[in-house]
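Should a chain be cited, it is by its letter among A, B, C and D, assigned in written order, with residues numbered from 1 in that chain.
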Amino acid sequence: MSNIAFIGLGNMGGPMAINLVKKGHHVIGFDLSHSASEALIAAGGQTSDSAITAAKDADVVISMLPSGKHVAELYSEEFISQLKPDTLIIDSSTIDAVTARSVAQMAASKGCKMIDAPVSGGTAGAQAGTLTFIVGGPTKDYEKARPILKCMGQNIFHAGDSGAGQVAKICNNMLLAIHMIGTSEAINLGVRHGLEPKILSEIMQKSSGRNWSLEVYNPYPGVMENAPSSRAYSGGFAVDLMTKDLGLAAEAGLETRTSTPLGNAALNLYRIWSEAGNGTSDFSSIIQFLNKHQ
Amino acid sequence: MSNIAFIGLGNMGGPMAINLVKKGHHVIGFDLSHSASEALIAAGGQTSDSAITAAKDADVVISMLPSGKHVAELYSEEFISQLKPDTLIIDSSTIDAVTARSVAQMAASKGCKMIDAPVSGGTAGAQAGTLTFIVGGPTKDYEKARPILKCMGQNIFHAGDSGAGQVAKICNNMLLAIHMIGTSEAINLGVRHGLEPKILSEIMQKSSGRNWSLEVYNPYPGVMENAPSSRAYSGGFAVDLMTKDLGLAAEAGLETRTSTPLGNAALNLYRIWSEAGNGTSDFSSIIQFLNKHQ
Amino acid sequence: MSNIAFIGLGNMGGPMAINLVKKGHHVIGFDLSHSASEALIAAGGQTSDSAITAAKDADVVISMLPSGKHVAELYSEEFISQLKPDTLIIDSSTIDAVTARSVAQMAASKGCKMIDAPVSGGTAGAQAGTLTFIVGGPTKDYEKARPILKCMGQNIFHAGDSGAGQVAKICNNMLLAIHMIGTSEAINLGVRHGLEPKILSEIMQKSSGRNWSLEVYNPYPGVMENAPSSRAYSGGFAVDLMTKDLGLAAEAGLETRTSTPLGNAALNLYRIWSEAGNGTSDFSSIIQFLNKHQ
Amino acid sequence: MSNIAFIGLGNMGGPMAINLVKKGHHVIGFDLSHSASEALIAAGGQTSDSAITAAKDADVVISMLPSGKHVAELYSEEFISQLKPDTLIIDSSTIDAVTARSVAQMAASKGCKMIDAPVSGGTAGAQAGTLTFIVGGPTKDYEKARPILKCMGQNIFHAGDSGAGQVAKICNNMLLAIHMIGTSEAINLGVRHGLEPKILSEIMQKSSGRNWSLEVYNPYPGVMENAPSSRAYSGGFAVDLMTKDLGLAAEAGLETRTSTPLGNAALNLYRIWSEAGNGTSDFSSIIQFLNKHQ
C-alpha cells in the first residue's frame, strides 16, 4: 500500500481519492474547499493545509485540476524539489499536451517521474471506480502507475510518451463531439421526414452509421430511457466541458497545423450553444440547438 | 417461387439478380448493356430486349438504377398500366425520397404496390448476398417483399412508410461520412503529435469515440489489413457514390429546412476531393485530402 | 404609357405598383388581401378580383410572389393562353432558376415574352423607387422592360439569359450573408481583445477587409446610427428572407455540383438563428448569435 | 533625421529599410543573409554584424521578422537593456497579440517604448512605400512613430493599445480570406449556371455583395487584367501567408473564446490547399480549390 497525496478533491478528484482509501491506500488530500476535504476525512482519509505538506512524504502524488495553468502553478520547481526522490506524479487533469510535456520534463530533471493520465467516464465513473485512464509517459512509469489507477478505474490505456495521454483524450473527445452532432443531424433529418427516431436509430446502429452516441447516449428524447436526453439533458457530460476539450483539440491542431474542419465546426457550434445559456446541460443537448422543436 | 423482372444489371443489380436465380426464382432481366445481360444468362436467368417485355408478366419487378431521374423515367404511367394487377415493385436504387414517394403513389393509383428498398453493402455484399435493405412502404408490402430480399441480403429493415427507406439510407450515409471524416481528423491529429495510429485507434474504439469507421474501416494505411486504406484506397465505396448520397441528404435537408452543418461540410469536402480526381477511390481516402502526407 | 397588370401587392409589390401609377402608367392590381388592394386604389390604381381579369388585356404583367411554387401556379398554360400576344411578363419574385426558366420557356411557346427580374433594396427601396433589378432574359425583352423597371428602381442590370437574374441575385445574397457573418466574426474578435468596434471597423473598411456590410450596414450596435444594429435589429432585411435566399443558393449549388462551403455554413447558421426565434429580426443580428453579449 | 536600426531585411524589410534611407534617415540594418544586407548598402545604408551592434546607439529600432518566436528571441531582456533609454521600438512583424503585449511590457519596464505596427500591402507596397501600418501602443508613441512610418507607407492607423495593431490586422485578414472564398463561391456558382464571370462580378460589386476582392482582386481568370488570377496566381499574397494569418486569428479566437465559424472554415480550406502544393500561389487561387475546372 502506498502513501498517496491527492491534490484537487472536486467532483472528480474527491470520489477518486475515496476509492483509493477504500482499496487500502494511505491518502492525504488537499483542496482549497473545506467541504471537499471533509468528505475525504469522513471516508477515512486525511487532509493537509497545503499541497506541499500533503505531498512531501508521499510515494505517489495525484492531481486533478481544472486547467493547464493550475497544473503548471502547482508543479513549480520549488514544489518538485521538496518531493522525495523517485516520487511518481500522476496528473489526471485534462490539459494541453505542451504543458503536460514541459512539466513532466522539468520533474524528470529533478529526479521525479511524471505521467499524464486524463480520464473519461465523468462523475459517475469517478464514484463507481469505473473511469477510463489514458496514460502518456515512459512504459516503466505507466506500469508502476497501473495498479494505483486500477483502484479508480476499469480501462487503463497506454497511449505513448509524455503528453500522449492528453493528446489521445482530446482526439477521442473531438471525435465524440463530431459523431454526437452527426447523429443529431441524422435523427433530426429523419424525424422531419416522418421517421420514428427510435426505428431510425436502430437501423443506423446496425449499419455503417453505428457509433457510441447511437449505442449508449441517443440524443433524441425518449429513445433511450437512461440517456441524459430522457431527463431533460441533466447530468452527464456538460456542454462547457465538451467546449473546453474542443478548444484543447483546436489548440493541438494549430500547434501541428493539422486540418480539422469538422472538429473546428463542432467547437463553434458548442461554444455558441454554451453562450446561449446551456453550458451546464449535457452535451447531447446539441440536438436542440440544431432543432429547437425537439 | 416467383416470376421476377430485374431492371438494371450493373455492378450491383447484376449479382443481385444472379442471387435470385440461385435461390430458385425465375428471373428475366433487362439492361441496355449487352455484357451485363450475358452474365445473367450464363447464371441461368433470362433477359429481354425491353423493360416492359421483361416486366409485363412478372409477379415482382425489381429495379437498380443510377438516379431518381432514371427511376421516374422507367416507371411511367404507361409502363405501370401494362403490369399485372397487384404486381409488387421493389426499387433498390438510391434516390431522393420525393421521387420515391411520387412514383409509389402513382403506382398505387394503378393498382400496383411499390416499396423503396435501397441497399448498403457495396458490390461485395451484392455478390455475397449479404446486402442490407432499408425498406419504405406499407407493412403488408414489406412483409411480402421480405423473403425476396432475403435471397439477396442479410439485414432487412423496415424504416416506415413510402420514401422512408430512402430517407433512412441517406441519414445513415450522411452520418457515416461525418464519422469517417471525424475519425480521419482525430487520427491525423494524434499522429502529428507523435502517437501510433493503431494504438490511438484502439483507445478510441474502446472509448466514447467508438464508431463503425474505427471498428471495420480504419482510414489510416496499415492499421487494418483488410480495409481499403491498406490497398491504396481501391475497391470499397467510391468517393463519387458518397458525394451523391451527401447531395441527396442535402436535398432532403433543404426540403424540410433541417440544419445539417456537419452533413453539408462533409458534402463540400467530398465534392472537392472528387473534383481533384479522386472520385473512384474509396471514400476513406478523405484522410489524404485532410493530410496529404498520409 | 402602358397597361400594366400587377399580381401580388404585398410589402414589396404594393409600393412598386404605386410607383408605376405615379409615373403615369395604367395599373390594375390583384392580391388576395383586401387591404393591399385598397392602398393601390387610394394611390390612383385599379384592382381586379382575379389575376386573369387583371392580366388579360395588359401589355405588361408584373408579379411579385413569395415562392417558385406560387409563380408556377400563377403562370399556368391556361393563364398564359388568355394573355394578348406579345405580352411582356416580368417576374420580380425571388425564386429558383429552374422554375424561372421553365415558366419562361412555356410562355415563349405560347407567344409571350417572360423575363426574371428579382430585386434587392427591401421595402424601403420599393417605396422610394430605388430598387435594384437583376434581369435574366433575351436582350430585346430586357430593353423593352427597362423603362418600366426604371419607374420602380435605380440600377437595372442585365445578368444574361432566362434564369440568370435569379442566379445573379442569389449569388449576390449568398456573398452578402458570408461577408456579414465574416464582418461580425472579425468585429467580435477585435472587441473581445479590447478594440473599439468603430475604430476597428474603420481600419478594415479602409483596408482589404472592405465590404458592403462594413460600409453601410455595420452589425455592431452603435457604430452606425442608421443601421438596423442601432435600432435593435428592427426593419431591414429579415433573417427569414436571408435564410430563404441561402436555401435557393444551396439548391442552385446542388443542381450544378458547385462547392459552396461558406455558403452552406451561412445557411445553417441563419437557419438555427431563425429557429431560435429571430426570423423577423434584421439579418445583421447574426452578430448576436455569434456573441450573445452584444 | 533619426538613427534607425532595421532588423530583418527580407522581401518586406529590405525595401522598407531602403525607403527610410531614401527619405534621409541614417539606417543600420541587420540580417543573417548576406545578399539581403548588400542591397541595403547599395542603396546607401549601413549594415552590422549583429542585431545589438546595429541597435545599441539607435533612436528607433524597427523589426520585420517571420514569427512571434523570432520577435521574442530578438527582444530579450539582455538586448533591451543595452539600448539607449527612450529608444522607440517598432515591430512590424505579424505575430500573435500575446507575444506583442508581453514584449512591449518588458521593454517598458526597462525604459523603452515599443509599439506593434504590422503592415499590409505586400512586397509591392513595401517597394513603393505605400504600405498600410496598423499600430498598437500608447498614443504618444504612435505619434512619435508616425513620421517614420510615413516614409514607408501611406495609411497609418492607430488601432488601440499595445497588441491592438496585431489584433486589427488579423481581424482584417480573416475577413479578407472569408470574402475571397465567398466571392469565389459566388462566381463559381454563377458560372456553372451559365453566367459571364465579368458581368456577374460587376453586378455584385454594384450591389450588396460588394467587397475588396471583387473591387481590386477578382479571383476568376480574365476578369481583371492586373489581378494575380490573370497571371496564373503568381505574385500577390501567398496562400501560406494567408494560412499563417488565419492561424493567428484562430489562436486569438481560442484565447478569448470567440466564435469564428467562417474564419475557422477558411483556415482549414487554405491549409488543405497549401498542403496540396499551392502554398506559394496567390491566395485568390482558392477559387481553383473549389472548382478545379477554372
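We adopt the following convention: a contact is a pair of C-beta atoms (placed from the backbone, for glycine too) under 8 Å apart; a residue touches a chain by one contact, two chains touch by 3 or more.
Values in this document were obtained by computation on a predicted structure and should not be read as measured data.
**Student:** When I count C-beta pairs in contact, which pair ends up with more: A-C or C-D?
**Tutor:** Result of the comparison of A-C and C-D: C-D.
**Student:** Between copies chain A and chain D, are the contact residues mostly the same numbers or mostly different, with half as the line?
**Tutor:** Both copies, chain A as well as chain D, present the same residues to each other, with over half of the numbers appearing on both sides.
**Student:** As a test of understanding: of all chains, whose mean C-alpha position lies farthest from that of chain C?
**Tutor:** Most remote chain from chain C, centroid-wise, comes out as A.
**Student:** Between chain A and chain C, what distance separates the C-alpha centroids? Give it in angstrom.
**Tutor:** Centre separation, chain A to chain C: 50 Å.
**Student:** Could you work out how far the Cα centre of chain C sits from that of chain D, in whole Å?
**Tutor:** Taking the average C-alpha coordinate of chain C and of chain D, the gap between them is 39 Å.
**Student:** Spell out, as numbers or ranges, the residues of chain D touching 2 or more other chains.
**Tutor:** Residues 257, 259-261, 265, 269, 272, 275, 290-291 of chain D each touch two or more of the other chains.
**Student:** Classify the inter-chain contact topology: is it line, ring, star, complete, or other?
**Tutor:** complete
**Student:** Under the touch definition given earlier, write down the residues of chain B that touch chain A in their complex.
**Tutor:** 97, 120, 132, 134, 155, 157-161, 163-164, 167-168, 170-176, 178-179, 181-183, 185-190, 192-196, 199-200, 202-204, 206-212, 215, 217, 249, 252-253, 255-263, 265-266, 269, 290-291
**Student:** Can you list the residues on chain D that touch chain A in the complex?
**Tutor:** So the residues of chain D touching chain A come out as 247, 250-251, 254, 257, 259-261, 264-265, 267-269, 271-272, 275.
**Student:** Using the touch definition from the top, list the residues of chain A that touch chain C in their complex.
**Tutor:** Residue list for chain A touching chain C: 265, 272, 275-277, 289-293.
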